[in-house]
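What follows is subunit A paired twice: with subunit B in the first complex and subunit C in the second.
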Partner chain A sequence: MLEFLPPQRSPAPSYGLRGTLQEGCAGILPRSTEREPVREVQLRVLLANEPRSYRESIAAVFRQLRPGLHVKVVEPEALESNVVRFVPDVAICSRVTGAVRERVPVWVELYPEYAAHSVASEGGRRTEFAEIQLLDLISILDRAAGPNQGDPA
Partner chain B sequence: MPNMGIIRHVLVANELASYRESIAAAMRFSFPDVEVFEATSTDLNREVLRLRPELVICSRVTSLVKERVPNWVELYPECEPLSTFYLDGERSVKEQVDLSDLLSIVDRPPVRTA
Partner chain C sequence: MSVENGVDSSKTRILLVEDHASFRQALAFMFEREEGFSVVGQAGSLAEARQFLNGSGGETDVAVCDLALPDGDGFDLIEELAVNDGKVITLVLSASLEPARFARAVEAGASGVLHKAAAIGDIVEAVKRLRAGEALLSPDEVIEMLRMVSRQRHEELEAQKAIDRLTRREREVLQALGEGLDSKDIAEKLHITVETERTHMVNILNKLDVHSRLQALVFAARNGLVEIR
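Up next, the complex of A and B:
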């Protein structure tokens, strides 16, 4: 059951998080003990896989389980333009493009051509999945966020 | 004909694991009082007999589902964009199904019978 996913506290590597800095939000990053504004880096996740209801379902789960993420859902045709504009840290799509390979540190090619296999690239390290699970996707997000990030609030 | 009414048990059995799991999870978050089960396509008929769900979501509807389940969705059969909804005796076909289309099935008011 996904509700019982453990909080992510392993010292996993982070892959070049490039999110915006915000102040005063409940923390993905641990709060400072000093009286400084809390600075938070929000992992940016772009979802552009087919078909729509599956894309939306995955986004809904990400938002529920990892509320600190900035999740954007777009049609596959808008993938490349959003790679440039949104500057995602993680992209999930049905067919990876050159722009995704070049610009996105972590990406998942999810069920290309509706086949069961998927490919993930995390900082250039590729992993192939015979049939990827939702938990695998969550783990990829958590690794991309790095240690102490990705915890439910 | 099975009972038409409130949906309390949903069986999600569409293909590709992460898609099945994400739809099931979204349903659990949205409807904590509804029991949501997951099954592979291979186990679909067995789980229909065992769980008697009021709603099935699957990639290829079976004869048993048509006979026993009052509401079903054949979601992207053969990876085609058209999906079929069968809700309390009414069939409709939809292209580009949204998550809200699936959630609204559980959320709709029960059909009143005379």
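Up next, the complex of A and C:
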């Protein structure tokens, strides 16, 4: 799904993020399949990390558990151009670039050079993860969506 | 439909061995959403995988394994799955671009190998095909991979023989070469004459069956004889 939508920003995103996570032996599963009402202005999430199986599977989880998000998946080479055109609120990439640092409020450098660690920046606040979990990524999205928008569990 | 330990036994039971947790969990999510699949275990290391297999792991049908794990290569685990419990099908999912590593995985007993640059749908499809008894690799591809492993092993053996022929002094000369020193500097560093250094170098070239200092250095670096800083 690589459609282009013109950037739309709202100071107060007003969508619900009620999907929850359940960690178990079998992994992370949606506790509820109830769909949330579609919000008018969506949080825009850009995935441009390597390799393809990583970004596609993580994007699929985002779409399932947080259907209110506008998730776009691109090749790493298209990261910078999409920072300009797509204007993401959150970017996930394997190597953060100057354009990402300057223009994207929340970004995650996920497994740079296939390393074990990852780095997240949320409004300039950096967090290093020795072993980032899927739940950490979802939490970052929820925080980016604003207060009272995250997992109610 | 029968249910054992909470898992529908008609489903394909999958073990995921992958150290990048966020990907592993997302992959588990994808498989769980596919009809006929159940992820029965997740491991981030060889040790965790072995712990799982020694416990309830007997109920695993397919293991999807990364090769580069924090506590070692996945080859041993693939061999263990193939030898100890031949009913577990192994699909290797690796970030490596080295055909030799894929070939080694096949030799160890992997039924299929996929690069992590594959589409997620292709990974799910590969597991479905393997479970249905289909081969992901043609016989010709398997033969070529096994030949590659054989060639590589022969080269490694020859290299080790050559290394074993080097004297301690000759290894010191190689290490000095790896530090970027020329003949004169190597001689000074090892407190020998330049003529002696050259004699050592001629012997090194002969023993390693190479024709130049540069080739000797490449050989030494490739085989871990010198550390280039």
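Simple rule for what comes next: the second predicted complex is superposed on the first by the 109 of 153 C-alpha atoms of A that agree within 3 Å, B and C clash if a C-alpha of one lies under 4 Å from a C-alpha of the other, contacts with A are read in each partner's own complex, and residues count from 1 in each chain.
One rule holds for everything that comes next: a residue touches a chain if its C-beta (ideal position, glycine included) is under 8 Å from a C-beta of that chain, and two chains touch if they have at least 3 such contacts.
Since we're looking at a predicted model, the values are computed, not measured.
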Joint occupancy of subunit A by subunit B and subunit C, clash or fit: clash
First, second, both or neither for A:V87, with subunit B first and subunit C second: neither
Which of subunit B and subunit C A:E56 touches, first, second, both or neither: both
Contact residues common to both interfaces of subunit A (with subunit B and with subunit C): 51-54, 56-58, 60-61, 64, 110-111, 114, 116, 131-137
Of all residues in subunit A, those that touch subunit C in their complex: 25-29, 50-54, 56-58, 60-61, 64, 110-111, 114, 116, 118, 131-137
Of subunit B, residues touching subunit A in the complex: 16-19, 21-23, 25-26, 28-29, 75-76, 79, 81, 96-102
Touching residues on subunit A, where the partner in the complex is subunit B: 2-3, 51-54, 56-58, 60-61, 64, 110-111, 114, 116, 131-137
Contacting residues of subunit C [partner subunit A, same complex]: 16, 19-30, 32-33, 38-42, 44, 68, 70, 93, 95, 115-120, 123
